[in-house]
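In structure tokens below, several structures.
One chain, chain A, appears in both complexes that follow, with chain B as partner in the first and chain C in the second.
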Partner chain A sequence: MRELATEPSPSTSGVLDPPKTEAGTGNAATPRKRDRKRWGLTVVGSVVALVFLAPYLIMLSGAFKSRQEILKVPPEYLPGDWKFDNFVNMWGTPETPLPDNLLSTVVISLGGTLLALLAALPAAYYTARHSFRLKLPFMLLVLITQMLQPTVLASGLFREFVSLEINDTWLAMILVNAAFNLSFAVWIMHSFFATVPKEIEEAAWLDGCSRGQSMRRIMLPLVWPGIVTAIIFTFIACWNEFAASLILLPTDTNQPLTVALTRFIGQYESAWQYVFAISIIGILPVVALFAMIEKHLVSGLTAGGVK
Partner chain B sequence: MATVTFDGASRYYAGTERPAVDQLNLEVEDGEFLVLVGPSGCGKSTTLRMLAGLEGVDEGAIRIGEREVTDLPPKDRDIAMVFQNYALYPHMTVADNIGFHLKIKKVPKAERAERVLEAAKLLDLEQYLDRKPAKLSGGQRQRVAMGRAIVRSPQVFCMDEPLSNLDAKLRVQTRTQIASLQRRLGVTTIYVTHDQTEAMTMGDRVAVLKDGLLQQCDTPIGLFGKPKNLFVAGFIGSPAMNLIPATINGEGAVIGGQSIDLTPAQRSALTGSNVVVGIRPEGWILKPAGEGISATVEVVEELGSDQFLYCSTSAPQLATDDDAGEEAAAPPPITVRAPGMSAFQRGEKVGLVPQPGAVHLFDADSGERLPD
Partner chain C sequence: MQALPWLLPALVLIVGVVIFPAGYMVYTSFRDLSRFGKDRGWAGFENYVRVFGLDPLPTVLTNTVVWTVGTVVVTVLLSLVLAQFLNKKFPGRKVLRMVIIVPWAASVVMTSTVFVYGLDPFYGIINKFLVDVGIIDEPYGFLKNATSGFLSAMAVAVFVSVPFTTFVVLAGLQTIPHDVLEAASIDGAGKVQTYWSVVFPMLRPALAVAAIINIINVFNSLPILKTMTGAIPGNDADTTTTFMFKLIQNDRQIDTASALSVVNFVVIIVVIGVYLKVVKPMREVNA
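For the complex of A and B:
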């Protein structure tokens, strides 16, 4: 960088001598300062990343240790004996039917996300496009559901599901998860629909589109980042949901991974190696999903505000 | 291509007593270029949106040709519209934008491509067909919006202030392009603008609206030469017509000591003893001080080809609604057109005499034009 900065000085020498030397030193200092700043940011970033990653690294290392090694004092960073079969054995432990639990998590998450989206999409479109009396109170009411914790609602929900005869079923948890995440989905998609000028949709109608066609061909592609954002956040919330499942799903084959995980932590002994291994299986889809849509998500979150 | 008929069409917005469009009766001929013009809030855009089906019709009917379209959804009306903000589909290329209607109508791909290319050639857009709207300039976007309309060969074009987002120079250029394109295609066109110059230069006929009511619909020359009432007289023409209140004295109307004769027809049409005399800036003869209405030049506006003198006189102009809010101390000056590069100076005393035949007379109470 410094070489680059001094290069032009011979060509201009003799024309503007005093300013040239000043400019020369200035040019040389700027890249050095910039370099130093970049290094500083890298170091700070690495430290912050390490702080956040440390629990995951311990989890990863623990998943490959034996039970004895995990409880060893002082602990070791890496497993002495890599126990890869933790990932095989955990599926057949007496504590919980893990394959059923995984299936349960997948079904409840997919079902909850789909239902939340199907309900939120029309609501978001309507509230963004039409003004009606009590629109603001309605939107705030939607938001208020966010304030109610699952633990507050659980006993009421339990009684309701008993009377509906869907107690202890996936359907009940799909309904609960969809309801919990509806308000976020409505609000985020509402803001995206609101950024699309009304005239674009009107142009589509005049171009011969029915309402459905203009929705499918024009509106949905334009609010796609918002939909993706809603899908991801809802899916992750459903995947991680714990409290309501713990209360509403007593049967072990119906329980999701989050609840199943707790069965490995006993009063007298805990199978930490399985807890770690299951946790890794549990977070993999979420991490993969995030990695896949990261670009969409960032552009989505900014597009909503800027346009 | 078809005629367009508004038959007593009205539109009420919720929460307002006065209709946005009030009992509009208007007949647009086949292939005609009709301009709707008026100040903001006069109902011109609502009228256009009613025709396009984007706004409901609360009373009356709208017909395209013989077909009643009052209750048809926009997609079944065979109307193409150019919006003020163009409303291009941001996620589609220029070619897809232009060809979208054809795609919806399931026109075969080859024919579609051909028609899109044809429209693009007409509008000089061939090299931009693969671009997205975000990568185009304002003028290019405007042309894409035009392309989207003309590729369809619809029965009616609706244009809602399509030039208002362009800069002044491009606006004048595009104005002529749109007008000549419309004549070439021969598609019935309804064009909304608030700019009276646009209205006068583009339209076969111009409909002037105010407060949801049609004031006058005539050719540009008709509007300019025989404005039907005080509003049209003040709205059409730039600079605006001088409107001077006068009292009837014997055979004529007196302004600033000058008497203007009234015809018997005019006298019998009068409802009161007051009239308003309208004289356009070019309708004055400039005389030396002492002759005609005595005036003092307050401001000289030199345009090169013309010169406009703003004069204070003993016969002040009618205060218009627009001026009501301002400090009403000084009455609006009288505008006089002089040849370009004339030697008039600020503060100079001149005499003003109305040209024979350049005088418009209006009833001061009703605001209606008195018969000639």
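For the complex of A and C:
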């Protein structure tokens, strides 16, 4: 919105322009030409948008097709009769216990997000507020965990959790998700805390605020966008996690949606209609959440490498 | 020492779930493990010798290089164009930005499965579309052989990597001061000339960040190849990452898989080293 608001629309700039005579068609053509060029860009943009949406439109259409329709040769682009059946029937199919899978995804995502936040918040606050000898090494360590992914450590994580006897539990995945998303949360909240001048906090203490009060009334509102970004990003990353769950959660009732989904795809028979109905449910909420934090993501993911 | 209570929760998580398993993995790579996880003692470099002696390894290594370099290069090129486009002002630009984040936000497994379905030679809608617009004459089994399956998977990897990369490049474009561009045009520089001599050099830091983060993500990627070419027998469409997962899941060779993981781990550490050296992130952190 911000960017659009600063840009005067063609009509308002016309008001500000010196009045044109009928004869001055040469002048009048310029804004109109520019206008046409802009709409030309919109047309190109629509095509680009269609390319990026295409797989999800296929998904949407498939989620409303019947089993016969989705396996029809040759296929049709759209379902003949849009039916909600798949969204109802998918919960009780023999391939996977879907209600359990949804519960797993929700529990692991909420647990992972909460744990990451609890660990990241004090670290982000302290590193933004204080200087200490091991600060750079600490931030470096945090940064490196962001670049290491559970995929490369899968066999080590598997061995560790088997030894601890927490393999095949939600706890294992909550720990993995929290640890590997900690970095983003620390970084983004650190950068928000760092923008709040220390003096504001000190002034609040002088005015008789307790440390807790100044935190709640002064800091929190200022850094809230950073905290929300950290929460949403971590939640989405947990929600979409696949590789570690595949290795660490062998029992079907413990598996999240991402892993459960692959059970519908068989060598001889696949229940695509359910795959797509589940995908719609798995994707819609995270896209909506993602859109809310889009403008903070680049700085958080590149640790300030691009500003 | 005052810092410790504040940093402790984060440190416990990092040590417990990143550093310890990394160490355990290195340790395991020197042990002899049974298929059921029983530790049968010291193995020396046996696991490493076995990994490097595996028949599919040359193919897998070549695939890994093609997969990573190919995907990242194409992603960066497309993102440069797309970011340039998004940097223009036109009605609907905001909507387009929102649309482009969809493949970034969506689960990669879910996105990949659409392509598995769409590229099916019988009921696949993408195949039908390609025939309808005349790109191919008849439906083709893209995922039925290793070569075309691997290339299709690369295309999907590009598709899901472009949004993040575009946004990084776009952030880079927006750091270029307007008067620099104006000065160039006053000096009589054409559009192409301005791009190559002014815009592109200023984009280099953003490109370095985007390229390196992509290298790590693409190198580590499991879901795309797992869903798209996982059903093809053999290892002709495997990278070191998917090969390692097959060793764990299908063959239950945790020790051999660990040796291969350590090799992957070293590759990633080198890339991280390059990242720290070239990009110098965290420059805003004052010690």
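One rule holds for everything that comes next: the second predicted complex is superposed on the first by the 253 of 307 C-alpha atoms of A that agree within 3 Å, B and C clash if a C-alpha of one lies under 4 Å from a C-alpha of the other, contacts with A are read in each partner's own complex, and residues count from 1 in each chain.
By definition in this document, a residue touches a chain if its C-beta (ideal position, glycine included) is under 8 Å from a C-beta of that chain, and two chains touch if they have at least 3 such contacts.
A quick note: this is a predicted structure, and the numbers were derived from the prediction, not measured.
Aligning the shared chain A places chain B and chain C next to each other free of steric conflict. Judged by the touch definition given at the top, the superposed model places A:V162 against chain C, while chain B stays out of reach.
Looking at the superposed arrangement, the partner reaching more residues of chain A, out of chain B and chain C, is C. Once chain A of one complex is fitted onto chain A of the other, the partner contacts of A:I231 are absent, as it touches neither chain B nor chain C.
Contacts of A:S279 after superposition: chain C is touched, whereas chain B is not reached.
Of the two partner chains placed by superposition, only chain B is touched by A:L206; chain C is not. Of the two partner chains, chain B is the only one touched by A:P221; chain C is not.
Of the two partner chains placed around the shared chain by superposition, chain B is the only one that A:P197 touches, whereas chain C remains out of contact.
Shared-chain residue A:E294: touches chain C; no touch with chain B. When the two structures are aligned on the shared chain, A:A243 is found in touch with chain C, with no touch to chain B.
For the pair chain B and chain C, the minimum alpha-carbon spacing after aligning on chain A is 14 Å. Remark: chain C residues 2-3, 5-7, 9-14, 16-18, 20-26, 28, 37, 82, 85, 88-111, 113-118, 122-126, 128-129, 139, 159, 163-164, 167-168, 170-172, 175, 205-206, 208-209, 213, 216-217, 220-223, 226-227, 231, 241, 244-245, 248-249, 254, 257-258, 261, 264-265, 268, 271-272, 275-276, 279-287 touch chain A in the complex.
Chain B meets chain A in the complex at residues 52-54, 73-75, 77, 79-81, 83-85, 87-91, 100-101, 104-105, 148, 152. The touching residues of chain A, when paired with chain C in their complex, are 1, 3-4, 7, 38-39, 41-42, 44-46, 48-49, 52-53, 55-56, 58-59, 61-62, 70-75, 77, 115-116, 118-120, 122-123, 125-127, 130-136, 138-145, 147-149, 151-160, 162, 175-176, 178-180, 182, 186, 190-191, 194, 236, 239-240, 242-243, 246-247, 257-258, 261-262, 265, 267, 270, 272, 275-276, 278-279, 282-283, 286-287, 289-291, 294, 297-299, 301-307. Against chain B, the residues of chain A that register as touching in their complex are 197, 199-200, 202-210, 213, 217-218, 221-222.
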